[in-house]
Structure formats: C-alpha cells, structure tokens
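First comes the structure, then the notes that go with it.
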Amino acid sequence: MARLETFADGVFAIAATLLILSVDGAVHDPGNLTHAWPAYLAYAVSFVTIGIMWINHHTLAGLVARVDRRFMVANIGLLMCIAFVPFPTRLLAEHIRDSSARDAALAYGFTLVVTSVFFNAVWFYAAVGRRLLRDDADPRVIAGITRAYIPGPWIYLGAALVAFGSATASAVLYLVIAAFYIVESSILGGRAQTAD
Amino acid sequence: MARLETFADGVFAIAATLLILSVDGAVHDPGNLTHAWPAYLAYAVSFVTIGIMWINHHTLAGLVARVDRRFMVANIGLLMCIAFVPFPTRLLAEHIRDSSARDAALAYGFTLVVTSVFFNAVWFYAAVGRRLLRDDADPRVIAGITRAYIPGPWIYLGAALVAFGSATASAVLYLVIAAFYIVESSILGGRAQTAD
Amino acid sequence: MARLETFADGVFAIAATLLILSVDGAVHDPGNLTHAWPAYLAYAVSFVTIGIMWINHHTLAGLVARVDRRFMVANIGLLMCIAFVPFPTRLLAEHIRDSSARDAALAYGFTLVVTSVFFNAVWFYAAVGRRLLRDDADPRVIAGITRAYIPGPWIYLGAALVAFGSATASAVLYLVIAAFYIVESSILGGRAQTAD
Amino acid sequence: MARLETFADGVFAIAATLLILSVDGAVHDPGNLTHAWPAYLAYAVSFVTIGIMWINHHTLAGLVARVDRRFMVANIGLLMCIAFVPFPTRLLAEHIRDSSARDAALAYGFTLVVTSVFFNAVWFYAAVGRRLLRDDADPRVIAGITRAYIPGPWIYLGAALVAFGSATASAVLYLVIAAFYIVESSILGGRAQTAD
C-alpha cells in the first residue's frame, strides 16, 4: 500500500495545488480583484473537496492489508477523476456569471458524480467479503464507511441536476456540501488517533 | 531504491496530473463542452497509460535489491519520457480533427516508443545476470516481465505507423492498447499481495 | 502524522515550484530580461516564505503525537492558503509598477495574514492542553513556538496596511520579513538535531 | 533528513516535470513539429541536468547524520534555484534562433552558476569539520565530492560567458556538460550499492 499512497498523495496534492490556475485564469482585470470572488470561492470549495477526499482515502488505506492489480487499476481511475477536478473548477470560476454557467455547473457536478462512483468502486472492491481488509478492521468502522460512501454519487447528481433550474443554486449546493463535510469533521472528528 | 521511488512517484504523479492542461487547452468554447470529447478521451488514455507504467515501475522496483549510478541515469531517461507525455497528449487533444492530426498521432506514438525502449533499458540493465535483483526474485516473474516488456516498443511503433494511413485509426489503437492493459489487469490482476 | 506530512510536503513543494509561473508571466519582452527584476524578487521572497513555513510545519509536526479529523481539516485550511500564494505573487510580480500595485500588495499581504491565522489555528488546536502533543515535548519549545506564531498575522497585517500609503514600501516589508527569517535562522539555527 | 528529502524530491520532480511547459510554449505551429527541435533539446538537457543534481543531492543526503536550521535554509536556497530552471529553459527553447538568443543563453548559464554555488554552500556547510556528517562517512568519498563540486560554478560561468561570442556555442556547451555527466556516470557508475 505504501507506494500506492505515495502516488495517490502526489496526485491529490498536485490536483489541489493546480486549482490556483483557475483563479489565475479568472482574473483578467487585476485592478478589480474583488470582482473575481467566484474564482476564490471555487478554489476554496474544490480545495476542501479534494482535501476531504484525501482524508477519506487515507482512512480507507489504513484499513487495507494487501493490494492487487485490480485494486490499483481502480485507484488509478479514482485518481484520474481527482486530477480532472481543476478543469471544471476553472469552468465554474470563469463562467458562473455568463451564459455558459449551466454547462460549467453540470461539468463540475458530473465530475464529482464519477469521482464518487470510483470511490465506491475502490471501497467495495476492497471491502466485499473483506477481500483486501485487515483482519482486525473494526466491523462498525467498515459499516460506517459503507454508509458514508453510498450517498455520495446521488448527492452530487442531485446538486448537478439543480443546474437545469439555476446554475447558481447548483454552485451554492457544491459549497454547502463541502461546508457540511467540514462541520461534520469538526463535530465528530475530535477522536484522537495515534500518529502514524 | 527508496529515494529513487519517491522521485519517480513524483514525476509519474505530476506528469499524470499535468495532463489536465491538455483539456484546458482544447476547450476554447466553454459553451460547447461536449465538442471537446477528443480532449477528454486523450486525457483518459494518457492517464491510464501513465498509471499502468507506474504500476509496472512499482513491480520492477519491488524486485530490485540495489541501485548504481547507471541504473539511476537510465531511470532519469525513463522519467524524462514520462514527463514528456503531456505534450503529445495535448497535440492529439487539440489537433485530431484538423490537418495536423497525422503529426500529432506520430508524436504521441513516437513518445511511447521511446518510453518503452527506456523501460526495457531499465529492466534489462537490472535483470541481465540478475545484476541488481533480489536473490529471492522468482525466475518465473522475471521471465514474465521480460516477455511483457519486449513487445512494448513494437506495439507502439505499429500504432504510430498506422497514422500514415489514418490518424484517427492510430489514436483508436492507443485507446485500445490502454483498454487492453486495464482488461488484462482485471482478469489476471486478482492475486492479492501483502500490503507494502 | 506520516501521511499528512507527505500530503503537506507535496503541497508546499508544488506551491513553491509553481511560483516560477509568476516569472513566466512577467517576462513579456525576453529581449529585456533585467527589466523584470520585480518578478525575480517576488519569486525569491515567496519561495523563501513558503520554505520557512515548511520548516515551521516540520518542527510543529515533530511535536505532534497523534492526529484527529479536526486537526487534519485545519491543516487542509492551512495548505489551501499555502497553495494560494503563487497567485498574489504573480499579481505583485506583474503589477508592482503599474496602477494596480496597491491591490496586488494588499492581496499578497492578506493572503499571508490568513495563512498565519491558519498556522496559529493548527498550532493552538494541537497545543492547548497538549491535546495532540508528545508527552516528552519540551515545554520551553512549546512556549517558544507559541511566542513565535502569535505575532505572525499582525506583522503581515501591518505590512499590508502600509500599501495604502505606498505599495512599494509594502512590498519591501515583505522582503524584509523574509530576510529577517533567514537571518534569524542563520544566527539561532546552528543547533544540530539528529537526522530524522 | 527524511522530511527535507521528501520536500527536496518534490521540488526536483516538479521542476523537472514542469520543463514540458517549455516545449508547449515553443510549439506555436503544430504542423511543423520538427522545427521546434531546440525546444526538445532544451527539455532533455534541463531534465538530465536536474536529474543529475537530484542524484548528487541524494548522495550528499546519504552522508548527512543530522540537520540544523541553517542547513535547511541553505537547502531552500538550493531548491529555489532548481525550481527556477524551467524559466531559462523556456527562454532558451523559444529564443535560441532569434535576436534574444544571447540573453537567453546568459540567463540559463547564470541560473546554473548560482545553483552550483548553492550546491557548494550546502555541501561545505555540512562537510567543514564534518559538522553534520555521519561519523562513518568515508574520507575519500568526502574528498571526492569536494573535488567534484568546486569546479561546477566555474564550468557554467565559462559556458555562459561564451554566449557573448556565440549563443549557439554556449547552448552546445550546456548540452556537452549534461552529456559529460551521463557518460561519466555510465563509466564510473557501475558500483552497486545496497538498495535504501
């Protein structure tokens, strides 16, 4: 798992850091920096989203005892989605206030739907029948992750479909989802684990 | 090997993540996102190709017991090719439907031919006479890797030469090769190995 | 902590390396490379600033014995700021000599104020009541870090506000702060620690 | 040393991978890919140069037993230079055949002079009086590194000054220096070391 984690951490870190190019692209008029606030917001929402996914991948990896090539291929699919996130982020940052707003919001949501599907694929491949999990993995933790992952694609699909009514409402939902993850972690996340 | 792997993982991860710039460049008209489907496909094919090469490099590294400067120089050559992949990917993404399609397909194929040659160089330098391999490396695994690596340059050379007839056919072949690697891993790849 | 450090190191390293794009953007006229000296200076100041923050994060991580999700979320907030630094660096590099200089200097300073606030949040979350710290963490080291972190936001706020008088003076202050950190490390930093 | 190496490996890997942007910038006319051969050559020379410097940093790090803040600050200076290399590489790739060729060749050479100076600073800070070195570090290896590092700045200064006569000759010298490092490693580099 160690080297898969190194590669995964690299892709997560680079995808998150490349998000800044979305802001770069959105600021055409440096004399009016505050006008580009959707770009800053898109940057923050995507950074937090990738960050939360990184934490989840970290938790998942901690439960895995062994890997096989299928698991690695599924992970590459997941990372392919993560590395794609800067693109719809840029679309959203640049077009939320013009006539392409709906397409941008749909592209953003669709990317996260596919990402969530891959997250589920990676998890269920490892977890079904405890195929790749540690023998001492806590069944309640496993059930908890399963419960947390299944709604992911549906939540993002819902937020994406809202874009047919209002692209802005869809974008606000992406923000609310990211904020929810932070609040959830702030309330539930205080159980200390030993440093690894 | 540890630090060579860190550097290699970094280059693999960054090259894969920088592929998103190909999509960025191909979308000139955000109002028509679906029109850029060759860019999305080129992104996916190159990401999977780099991902599979990363898995292969991982397997190779697991068999190596010691490194010398020549081996490191050969690896730098290999990584130089991996880091080059985003460039022909961008060419293919932007030009598969214009008059530069043949040149783009040739550039893509030629890059992968040279990459495969370096992969063979790295492998044979380590494996001939078991120069750098672990004493306990399984001879059947060694023979299997040798059999799998040798056709690489020829397969990509063939796909590249097809571009003289049809650039699209050549691009489809790159897609088929990547898909083949995924299917091969899905069928053969279920043997679990202990997490490392 | 290990994987958080890998992710953090990745973001620090990528953000620092992406700073070169600021120089790229600032050199419109390659025949007159010396004219772009503010871009080189902005590159150096931001690289050193990110580098010093990386050293501080390294020291902080060395004192932490365990992590929880809140701590990870706080770190993601911090990394979100670090990854943002290339953007105001580019603004400063390109606009310090035109009419947007004040906005660029304010953006730079405000980014570092928020970054310093997150640094304090990460530190105090770990350190208050020694929540996440090692049992053997030296109280004098803890007190020293606390003393060193608290003024951070105020120093950068001061330097930012100077931009209302003179953007150039504000930029010079950012340079002086970075230089101060180097000098401080050169004078005080000679105590060798065992390699880790 | 571990985390300094992670950060350093990240910067080396990212700087090397970002070199591909030099090629991107140089190919304005995709119908004539071969015309951009100076860009490919500049990419290869810089990639190999950064790769060799990474190997040297790796060797150096293997001799270091402990780090202090001054050593880390010196390393940040070195990495600041490494991360700068993509910029003069791009200048050289784009301008070797126009009237800015001399400036581009000078910028390239000057960057490598400063990089070599920082390499010497890092090494001598660690090595003088064996301040940070392992007790069991072989004196002949130490003397060998010292002998190999001292000429570095002078070699690149010489190649840079040649640009006042001919920018092309200067660029050819950068190529010859990189080729020399590869050949040197191929001849001398066959002594296997245990994998680390």
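Letters A, B, C and D mark the chains as written, and numbering starts fresh at 1 in each.
Note that contacts are C-beta pairs under 8 Å (C-beta built on N, C-alpha and C of every residue); 3 or more make two chains touch, one makes a residue touch a chain.
As the structure is a computational prediction, the values presented were derived from the model and not from experiment.
Trainee: Would you mind reporting the rotation angle for the C-alpha fit of chain A onto chain D, rounded to the nearest 5 degrees?
Mentor: 180
Trainee: Counting shared numbers against all numbers at the contact of chain A and chain C, is it over half, same, or under half, different?
Mentor: Because under half of the interface numbers appear in both copies, chain C and chain A meet with different residues.
Trainee: Take the average of all CA coordinates in chain A, do the same for chain D, and state the distance between these two points in whole angstrom.
Mentor: 36
Trainee: Counting only Cα atoms for the centres, state how far chain C is from chain D in Å.
Mentor: 26
Trainee: Please output the residue numbers of chain C that touch at least 2 other chains, ranges allowed.
Mentor: 6, 10, 14, 18
Trainee: Sort out for me which residues of chain B touch chain D in the complex.
Mentor: 1-4, 6-7, 10-11, 14-15, 18, 21, 64-70, 72-73, 76, 79-80, 83-84, 86-87, 90-91, 94-95, 99-100, 103-104, 107, 131-132
Trainee: Across the complex, what residues on chain B touch chain A?
Mentor: Spelled out, the residues of chain B in touch with chain A are 5-6, 9-10, 12-14, 16-20, 23-24, 27, 30-31, 33, 43-44, 47-48, 51-52, 54-55, 58, 61, 182, 185-186, 188-196.
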